[in-house]
Amino acid sequence: MRLTLKVWRQKNKSDKGGFETYQLNNVDTHASFLEMMDVLNEQLVNENKIPVAFDHDCREGICGACSMVINGRPHGPLKGTTTCQLHMRHFHDGETVTIEPFRANAFPVLKDLVVDRSSFERIQQAGGYISVGTGSAPEANNIPVNKVDAEKAFDSAACIGCGACVAACKNGSAMLFVGAKVSQYALLPQGHPERNERVLNMVAVMDEEGFGGCTNTGACEAECPKEISVANIMRLNREYISAKLSVEKE
Amino acid sequence: MSLTGLFLISFLLVHCSINALMFLNDDGLLFNEAAHFMASNILIRTVEIFLFLFLIIHILQSVAITRQNMKARTISYAGSSATATSKWYSRSMGILGALILVFLVIHLKDFFIPSRFTDRLGFDSNGTPDMYSEVKMAFENPAYAMIYILSMIVLAYHLLHGFQSAFRSLGIYHKKYTPVIEFLGTAFSIVVPAVFAAMPIFFLLKK
Amino acid sequence: MALDSKIPSGPLGEKWSRYKSSVKLVNPANKKKIDIIVIGTGLAGASAAASLGELGYKVKAFCFQDSARRAHSIAAQGGINAAKNYRNDGDSVYRLFYDTIKGGDYRSREGNVHRLAEVSVNIIDQCVAQGVPFAREYSGLLDNRSFGGVQVSRTFYARGQTGQQLLLGAYSALNRQVKEKSVELFTRHEMVEVVIENGKARGVIVRDLVTGEIQRHAAHAVVLATGGYGNVFFLSTNAMGCNTTAIWKAHKKGAFFGNPCFTQIHPTCIPVHGEYQSKLTLMSESLRNDGRVWVSKSKGDKRKPQDIPEEERDYYLERKYPSFGNLVPRDIASRAAKEACDDGRGVGETGMAVYLDFADAIKKYGKDTISARYGNLFEMYEKITGEDPYTTPMMIYPAVHYTMGGLWVDYNLMTNVPGMYATGECNFSDHGANRLGASALMQGLADGYFVLPYTIGDYLSGEILTGKIKSDSPAFDEAEKNVREQIEKLMNIKGTKSVDYYHRKLGKVMWDKCGMARNAKGLTEAIEEIKRIKTEFWSDVKIPGTANELNPELEKAIRVADFIELGELMCRDALHREESCGGHFRSEFQTPDGEALRNDDKFAYVGAWEYKSENQPQELHKEELVFESVHLTQRSYK
């Protein structure tokens, strides 16, 4: 099939950037979206042009590296699917496809479609862990965990940290990402000793990094490639309020 | 935001129930009495101060949040299909709220200020200040009635998102009870503005 | 040079505990003065960096991805083995040890493997305490499942995303140390050279992938935890970025490369469907529990699977291996699929696939049961291929999945270069010639959490008086110069073909001649072909852009240059090993009924290759494998 691609090109962080249009004449419908991008890049190399930079790695929907916005939708139009798992059979012959980077001021563009998501890292470093040193763990079955809670914790932990929730949110809010991590630990007994400090620290860094606030539009859940539920945001709110109310100020 | 919102929602409920008295076939006697009670009772007047305070906080908060949220993304998308993933009114709370504010100014100027700070109101057959006639007169003007009805539609959408969003922001979520809250929210968002909007229609038809 | 594996003396079961109680230690005050570099942040790297940071060393961790969490350990599906014996089904440390040695076709070291089995139980404790949401039973206790090649249920799992959850656990431990400032994390940085000074590893040269800046980092020890090199085949189940550069540069600076030809080919992957294809996707092995593998009995049969009547189908695994049927080990299933396709009976457009059919299972158990067992896999298959496995048989084909070979290391996980360590998939140590399912995660975490933090002290205790390593020494100058020259050379070729063109070409040679089945003729040809590819690459590759910016084409070029050299070594290793064992199948060496034929008298050793110079082949060193506890037998799955 034939495609017209409108791709965001930006040399580096300080460049203003803009759209370029490319024609692809022979796209296989079985190819994945990123394989289509490979074909475009091969074509650009052959034409002595600079290929389009984009993040990608595992190409099986789990590493969370791929990140583009396709026709206005993070990871494209297919529900519960990362860009790398999106296949060209979901587009039609002659279509014009607009490809942009994730847009959020907390995710500055580094080049073309590559954005800097290190703000997520700093949120995780603020408290996205249980403080257990290597070797100090008790026997695993000494900590029984209710099966339903374990399943729920898994659902939250399935987040791949791609940032589509931020990209989808009109407010550029990271609440779903933070909510998923806070929820995972809030649902497990292992996470309880640090639950107050964790949520307060993570939310503080989230705000410092310049993410917007949550207004409960639900776009994050709808665009999340792992279909992480907005229930995580509500649990985050609950954890935050309860921590705020119970922590004694020094 | 959610706390002030929920307080305003509770106010709407009271306001709406009192207004519903207008539909009684008593030339507004009971309504006038209730309105007078609301205007003169010391407790209610105290709560009223909080009402205005919360309203102002609600507005200030919304301005602050909107500004913060606009700062979070300064370059917008060329291709946009937000409609596919969220409801338009959930994304337009600021605009809906601003429209409601405009309506409130008109509303307060026409009903609240005259009743509270002027002696423009007459008295009904019981000798109570005649708010009923004031309302009746206003709503017999079709243009005014239309503005009022449209404003109630705006209010309905604001509530449709605001009601359940307030609970979400407070962290209240439960597989069993959240659907109940959502149902109540939807019902509230339809019934309350509908009752308000029924007044101008009622008076127009009566005319 | 004699290779000393440094296996501690004493009975097998006591080696590790004796070692631990006698190993030299570094006291806490001195640890602060010691720098360690860790390359890679997968299970092995992240767990090592975090644990070393906790101990008090000053750690610098590097990964080429934009986040440590994206290392390819994240994609492991099945589970992690541990000899907990929670099922009361007769499991034990010894049994896990034995299964791993046997599964590896007797080409791994007893001492290392027994230690791996011993610490496996600690891994589960550690991960649970970190908040890894393992599958549980209604009692709230941990659940297990069984996995290929063993008779007990010892695999712990978190749905089909165990690797993800374990890596996120290690990543969280790493994040904690970053916050404590004991670990400094460098993302989007790729190691491009190792620095050796007076025979010891003293640091690395890395390239900042965003700015192109070449940086020097000095340390008292360098830990490589950079994963496997399956991408030498271009198409594999590895992530696009997985590469051999770090270990290859180490190899060129003196580290021996152990058993490079031992590659695991996984039987159930989604087949190749076009020229543009960039990677292969694994479908969990568990599918073979209910799916039946078949092809048509006649060659070139282009009928739809539904139109081929039962009596014209060849359920070849059931036919050849009546007792194990569709559940034979990975290497055997893979080879059988290749044979069927080579015989012209492959299915699909390309003829390079076989059917995995669930029709009988659906008939027997009902669609709901099958959906409960494999629903997510079927969904994934449909997403990729657009075909519905409930109504039409899946098509599968083997694909490169894991590399058992890697840098040669001793019992301390140290390469033959003092101060340079290799952990996880990038070393050669624990899996012999074939890895069992659910063992890769176990090894990565064992090395990082429980082995390296002990063994590295043995070396570093001798470094407490060294003082800060300076990065302005001639060794660093030299290393940086090499890197700059290599990059400049690549950028100046300004040829006509893209990097991928050469990578694909290399991959095809490797797959055809050093893949599932190998022979002397093919391997000899392959060596010559790879040499030609190398010459062509270095004279005609085209890399657009500049070196001082984010330039994915340059990143790929640096990696592919190393893959080409590695490919040649793999072929040499495969050629010299005149036997068949595990994933290495030489068609000249098979039993009359087509099974792998080991030659324990001649080849019960680790082939460790020493780099000589650019135009001189590597020299082979042998570490004889001594089996004191297990008796070597021929595998049979008839």
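Order as written gives the chain letters A, B and C; numbering starts at 1 within each chain.
Throughout what follows, a contact is a pair of C-beta atoms (placed from the backbone, for glycine too) under 8 Å apart; a residue touches a chain by one contact, two chains touch by 3 or more.
Predicted model, so just to flag it, every value in this text is computed and none were measured.
By C-beta contact pairs, the most connected chain pair is A-C. Ranked by how close its C-alpha mean sits to the mean of all protein C-alpha atoms, the top chain is A. The greatest centre-to-centre distance from subunit A, using averaged C-alpha positions, is reached by B.
A straight line joining the Cα centres of subunit A and subunit C is 27 Å long. Centre-to-centre spacing of subunit A and subunit B amounts to 38 Å, using the average Cα coordinate of each chain. Distance between subunit B and subunit C, defined via averaged C-alpha coordinates, is recorded as 64 Å. The touching residues of subunit C, counted against subunit A in their complex, run 47, 50-51, 54, 65-70, 72, 74-75, 84, 86, 122, 124-142, 158-159, 161, 164-165, 168, 171-173, 175-176, 178-179, 185, 187, 210, 237, 239-241, 273-274, 276-279, 281-282, 380, 383-386, 449-450, 453, 498, 500, 542, 544-545, 549-553.
By the touch criterion given at the top, residues 11-12, 28, 30-32, 34-36, 38-39, 42, 44-46, 48-51, 53, 55-60, 62-65, 81, 85, 87, 89, 110-111, 114, 116-118, 120-121, 124-126, 128-141, 143-147, 150-151, 153-154, 157-158, 160-161, 184-185, 188, 190-191 of subunit A touch subunit C in their complex. Contacts from subunit A toward subunit B in the complex involve residues 6, 8, 19, 69-73, 77, 98, 100, 103-106, 168, 170-173, 210-219, 222-223, 230-231, 233-242.
Against subunit A, in their complex, subunit B makes its touches with residues 65, 68-82, 84-87, 90-91, 93, 161, 164-165, 168-173.
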